[in-house]
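Two complexes come next, and they have one chain in common, subunit A, joined by subunit B in the first and subunit C in the second.
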Partner chain A sequence: MNFLALTTSTADWSAAAGVTLFYLFAALSVVSALSVAVSKNIVRAAVGLLMSLLGVAGLYFLLHAEFLAAVQLVVYAGGTLILIVFGIMLTSKSPFSHYEPKTREVVIAIGVGMVLLAAIVGAILSGPFAVVGVETEGYPITQLGQALLGDYLVPFELASVLLLAVMIGAAYLAKSRRRES
Partner chain B sequence: MEIYLHHYLIVAAALFVCGLCTILVKRNAIGILLGVELILNAANVNLVAFNHFSHGGTLAAPRLDGQIFALFVIVLAAAEAAVALAIFLNFYNNFSTIDVERANNLKG
Partner chain C sequence: MRALLFPQWDGLWVVLAWNALLVGVFVGIVSVVGMMSIWAERKLAGHMQSRLGPNRVGPVGLLQSLADGLKLMLKEDLIPQGADRLLFRLAPYLSFIPPFVALIVLPFGPQFVYESRLSVGLFWILAILSVEIMGVILAGWASNNKWSIYGAMREACQMVSYEIPLGLSIIVAVAAAGTLNLVELGHLQSGGLHTWLIFRNPFVFMAFFVYFVASLASNKRAPFDLPESESELVAGFHTEYSGMRFAFFFFAEYTAVFVVSAIQVALFLGGWNDPFGLLGQWYRHAAAAPRGMEIFWINVVAAAIFSAKTTLIVFVQMWLRWTLPRPRIDQVLYACVKVLLPMSCVLLLGGVLWEYFVPSRLGAPWFNYQPWNVYQWWKLAPGSLLTQGLLSLIGLGVVLWLTAAMLHAAITGRGLQKRLTDPEPLG
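Here is the complex of A and B:
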């Protein structure tokens, strides 16, 4: 292939761009996740979760899971998070309601978090995980569809039944108290 | 310089620890729900990264079990958020707060 010599320089460039984008998305998701943990205002925490979800969607793009990234943006950032924001609006008397944690709880949480992070990172770095990704030829969306309606047909149908049950159950739970009072 | 599998795993570990700290620190019930979502996202990043770095199958037709697991996790997270918010609304209607410290009616 005379293509190959031509594409190596662009391959170098795209690899550098991939590394840069990885660090960008990783920093976005981790910093936003930290802001979820530390922010006092629950609305700010929700916005931090939105940013974190966007960063994770970018990571999915870099991992060649484009369909999953789209689902993440549509279902998570567009659906679940809007639901949570509605929950915040319905359950806070004032938009600035604070629930201050006790200092002891914060100290315990930071201690547990540091120890756990050190343990997990140590385990990852000592494990056999320094492997390079396998580039696939194009995006195998047909593989995804065939797996979903082939090997995973039963869980797929069960998920639809579960969603129906959740819809009925959530409507019942949210409504029953109001009728009584 | 190249991105290996353990880069993604470390990002997922950081997300997981942030989610756990959120659950431990927040007293607002919805804050705890945000922490649970962060932890589920960390698990998803792990699943998709492992699927990308060591999938079975051929180059033209890779197996995508990790991505399908992640899809199911997203569906279950949406369902869980809906039910949890309905429970929180009920709790708010009863107690006029969603401070989890106040949910101690069954405490012995």
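Here is the complex of A and C:
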């Protein structure tokens, strides 16, 4: 069956596929991030955000950070974004809420974005980035769990206390509003 | 799996062709599962409501879904005038693709998995299924129709709240197993009925039922089908859809039902293993000394067992759909936030404490135990073994009782004789 093998081995092929997928996911996240910024329809902007998050999750996958990719999907794509859209549905008055930014706002936003871009590009160019091979055989999720509940227990618990406070606040607000009406 | 079947073939074109073939197989699975589920659902509904169900196209109406598919493809593709056209078109794909992608980690057998090395397999499925909601919400929103938006909003709050008990009940079982990889989960449960995770400890046993209820709700299956409740919202979020776009929602729903039931089987009900642990033993022998196509045939048997168990769960879901009335949306949310959520938190705590305090062995096949060897009994952690045995007996009892009830009904003909559809003799 040698005639089928040609010259390319499976390893080369998967590397090529990895590069192709990288550009695909990168293009997806960049283009849809751009559409978030440009779109005037808020729900369309949310969908652009979803696509962008999916693209980033794909990039995490290519880096063999499967756990991070899944967390990205659960927390951002499946949780936060749905709450955003839900909020738009509950609060918007017109069927398709449009957002017309003022010129001043656009200028300020572009300025802030440029400063941020310059900072990030500067950091990337000046920082020492070593190329380190990733561990391809399974992601050490057990180590992650032990680190979260071991070395980083206090920040972890603090974050959960913060979330609890937010929940209590939301419940209090909802309750007090009902009493008024 | 390719290396297993054709070890001598390698190279770019083989890999490409193999992946194309697998994609074809997955598309085939999705469509066949969807079509068969729709047929089964209608047939079951007919039976439970004393009707016949589809019985014209093909033997016992088996080809009805195919005919319906043909009809749907020929239908006019309508988009309402006030709709957001882009999002309206995007929504069916957004809800169809995630369940399809989730199939890649389902363990039909020790080697019958598209991607077996994914260490976060279970979590990955949950993550990808949570994207599916977005399709439904967008469908409702883009239709620009009050029924659709109500459906979408119900879907959003229902899904976001039911994801929590779903995830927590999965964690109870994962805490007992110690892995998220679905293939490893299958190997862990290969020692017979008592090693299945559902019988592992009382908390996982309860978590099984919490998971079942939450999975019904997260798939918007009745009694939790409020996003499309016909009696109030016309058809909910897909009111405005017609033709193939409408069919995509149905394929998505039935594939998601299959995927969620398959997770339940892989996580709680022993995956591809039979109740006696024979397949696991056979696999261990075959893996130690591979002979020809033996492993392939083990995988075929495993896939058959896995599919049979999954079909059983799907059947129970359909059974419930045609049995229970639909609650109101506030009752649905009450059931989640005030009943299932505290319950799953308690179960998680209990399950973790149990794993910490009760020493146990998981995965030892029952025929490796030696009842006359008291020393070995002591070493095998009798407390845990006793629990596993007792829970297995309870589970077996429930299954046997249901089977006996069904057999009794079938033999005595109760419920079959007085069908309204039976023709009455004239005069």
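Some notes on this structure:
Definition applied: the second predicted complex is superposed on the first by the 127 of 181 C-alpha atoms of A that agree within 3 Å, B and C clash if a C-alpha of one lies under 4 Å from a C-alpha of the other, contacts with A are read in each partner's own complex, and residues count from 1 in each chain.
Heads up, the rule we're going with is that a residue touches a chain if its C-beta (ideal position, glycine included) is under 8 Å from a C-beta of that chain, and two chains touch if they have at least 3 such contacts.
What you see is a predicted model, and the numbers here were worked out from it, not measured in a lab.
Contacts of A:Ala147 after superposition: subunit B is touched, whereas subunit C is not reached. Legend: residue contacts after superposition of the two complexes on their common chain; A:Leu90 is shown touching both subunit B and subunit C.
In the superposition on chain A, A:Leu54 makes contact with subunit C only, while subunit B stays out of contact range.
Of the two partner chains, subunit C is the only one that A:Arg44 touches; subunit B does not reach it. Subunit A has more of its residues touched by B than by the other of subunit B and subunit C.
Of the two partner chains placed by the overlay, only subunit B lies in contact with A:Val30; subunit C stays clear of it.
In the overlay built on the shared chain, the residue A:Ala77 is in contact with subunit C alone; subunit B does not reach it.
Look at A:Glu66: by the touch rule set out above, it reaches subunit C but stays clear of subunit B. The intersection of subunit A residues touching subunit B with those touching subunit C, taken from the two complexes, comprises 67, 71-72, 79, 83, 86, 90, 137. Looking at the complex, you find that subunit A touches subunit B at residues 15, 18-19, 22, 26, 29-30, 33-34, 36-37, 42, 45-46, 49, 52-53, 56, 59-60, 62-65, 67-68, 71-72, 75-76, 79-80, 83-84, 86-88, 90-91, 93, 97, 99-101, 105-106, 108-110, 112-113, 116-117, 120-121, 124-125, 127, 129-137, 140, 143-144, 147-148, 152, 155, 159, 162-163, 166-167, 169-171, 173-174, 176-178, 181. Residues 1, 4-6, 8-10, 12-14, 41, 43-44, 47, 50, 54, 66-67, 69-74, 77-79, 81-83, 85-86, 89-90, 95-96, 137-139, 141 of subunit A are the ones that touch subunit C when the two sit in their complex.
Against subunit A, in their complex, subunit B makes its touches with residues 1-11, 13-22, 24-31, 33-35, 37-38, 41, 44-45, 48-49, 51-55, 57, 59-65, 67-68, 70-72, 74-79, 81-83, 85-90, 92-94, 96, 98-99. Here subunit C touches subunit A in the complex through residues 8-16, 82, 84, 86-87, 90, 117-120, 123-124, 126-128, 130-131, 133-134, 137-138, 141-142, 144, 149, 152-153, 156-157, 159-160, 163, 180-181, going by the rule given at the top.
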